[in-house]
């Protein structure tokens, strides 16, 4: 299976503070550093981690929201960071995005019909008649009645809004959808409905998802593979079952341990202690060492590489002790 | 650091301003050589061309501006065409006259505006507040040249209490005698200026009185007037000074109007007369001095603010 | 459900209107402004009705008092004062509105560009804006107004026409009155550009111009309206003083400012000639400022 989307050494930094008068440079925080992964056609890769770990930034970069990130992002083997102006839009169409907050991702001044037809018009898909038909088709596919189209976003609940946002993302017929915490702003009761809708659309359309979430139950439900980020770097990536069954990185282990599960009487004590370091004070060596129960001297000195340990070649972890049994 | 950056910014503004105005003056009616030809019929067309070359008027704008700038940086601002004097000799006394007018206005209107602001902030929405708010709006909305006209009509024409125009002669009536000439101009400018500052003082004071440390002072049992005077006013004052600083440009525009209305040879009237009389070099230099004075005023207001408010660091 | 939905749809504007209506000074300002507009527009009909020609100088009736057809008497050239005040209102209000709108276009463009693109462009544009705000604007306006249009390649006929003086004053006031609008639009744009619906439009492939016009601009309309209403008053004052000083609307076309032109010398002999136009300017500007203040309260996001 060749990769549909391939991300290589993606690094995104934001300048902070004032320009240094002597060097002309500004300090930068690296929100995402040297992140690499592939997504195959029809596959769902979940990107998990605490808030502030850079997963949203990575997702937005893939959706084309940042100018000139470092590294490479290619779609069907074509570098999409360095596209000529003319073909940028046609290639970019294939990657769409669903945002976290459906209360801010829909323009309050447009009707639903305008919201859905805009991406079609922008991309020059179809004449007026075809656009109207497609918009009706889309709203049906996300399970909303046709009379939705003449209303404004504020007339709908969070779950309905997120369905509208999904319909908008589907409008330009994408092959990959970056779903940035699509459930976290919704009531628990509607989360599973939206999750099922995403699953159904994936099967019908053969979509790939980059599913960004900190909700491991949802991830377990929808993902084929899972990538874990910590302080801007990937610390582990593996098939879903392998990762949930045998996490190799102590951070992943801690995350999984913190998930409350039905059937278990008590939540297991979290293995992760302490707070996330600030983005300007990233620890030396392994970024996780100040909070890691296994940390040794080497962790403070050397950053562990993301590589496979023992057996499963698709299971990569960035820990000096990932090969050892816990 | 901040201070140096401000000075640099001022220099850039003055430079840009001088270039733009220098360029605009080339577009004004009347050509200096034509004016000379008109006043002296003996000058032939060939003479005119030679004169043009002599004054480098045949060179491109940027070159001419460059010459002017180099001379100006060495302190040579050239001559006034109408007065046949170095422009600095004319601008000096005019600047002093305008400074008197503006300084008096600033002092009087700051005191009045702060007092009115306190009165209305004590009971927002009350009768006094409504009245003060109406007065402020009236002040902002009055065309100041018309106000000057009405004041002249009332106090000079009908009542005959004050001189309608002029500025007295030095030494003739003494300082107090000359001060009579400033009463109407300063009154006009104060009324025109006070509305905006009062509204600002009021809202700054109301904002301050909502803050936690004021509640603390009240909770300690301090009486209301004491709370307002001791804690509210000093905090509101720095905002008032900021708005006064930002208003220096407006204040100078007002000075131009009152000086023109009351026939006082200040900087504003000098600019106005110079443009009307095609005395463009004088207009240019006077305008630059006015801009410089305005920017200095802004800077002084910022410094005063920093002095009043320890949270702002200037150096 | 449907009726409710439609009611909710215009809700922000209805709420704002309700808040505005509750402000009595603002509402009376609005009534006064409407009355002044009607007053100005009634000039031609009233002129026809009374059978007089306001531009016709009649030196025999200089300073004549009121009569059945000349309700406010005659001016120093024997023209009808009332009709000229009405025409002057058209010019003064017209310049005010036109210069405010043109300034708004400049301010919106600069504010959108600074707020949306940010970075060095933002820093540069805002420095420029601050620089303009700090300048003594009236002398600068006089310099701009004194430019000889024939040196810019316009014909001498056009340069002397009162149409030219109208366009010129609109243009030069617009060149300096955009600053407040630009600052407000920039601040609003800064907060809108990171909203997810703007990001969504970018992901869907919309170009910068489309995003600015379709996603950002409609969402900053409210502050623009407030800023325009607050700028309008000072624009009318600028027109008045420039025309008064002889750099604005060229006579014989009347504006409230240039009608005061000769009033200073005549103030002792014909004080009413000096009082009427100034009073009209004052009433107009105070009405506009009351409206602006009411709009600011009504559109205050903290009240939403």
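Note that the chains take the letters A, B and C in the order they are written out, and that residue 1 is the start of every chain.
Everything that follows uses one rule, which is that a contact is a pair of C-beta atoms (placed from the backbone, for glycine too) under 8 Å apart; a residue touches a chain by one contact, two chains touch by 3 or more.
From a predicted model like this one, the values you see are computed outputs, not experimental measurements.
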Most central chain, judged by mean C-alpha position against the global CA mean: C
Chain whose average C-alpha position is farthest from chain A's own: B
Averaged-CA centre spacing for the pair chain C and chain A, given as whole angstrom: 50
Rounded Å distance, chain B centre to chain C centre (Cα mean): 24
Separation of chain A from chain B, taking each centre as the mean of its C-alpha atoms, in whole Å: 58
Residue numbers of chain A (touch at least two other chains): none
Residues of chain C that touch chain B when the two form their complex: 127, 131, 133-140, 142-144, 146-148, 151-152, 233, 237, 240-241, 244-246, 257, 260, 263-264, 267-268, 271, 274-275, 277-278, 281-282, 285-286, 288-290, 293
In the complex with chain A, residue positions of chain C that touch it: 5, 8-9, 195-197, 199-207, 210, 214-215, 218-219
In the complex with chain C, residue positions of chain A that touch it: 60, 63-65, 89, 92-93, 95-97, 99-101, 104-109, 118-119, 122-123, 151-152, 154-155, 165, 168-169, 171-172
Chain C-facing residues of chain B, complex: 9, 13, 16-17, 21, 24-30, 137-138, 140-147, 149-150, 152-153, 157, 246, 248-250, 252-253, 256-257, 260-261, 268, 271-272, 275-276, 283, 287, 290-291, 294-295, 298
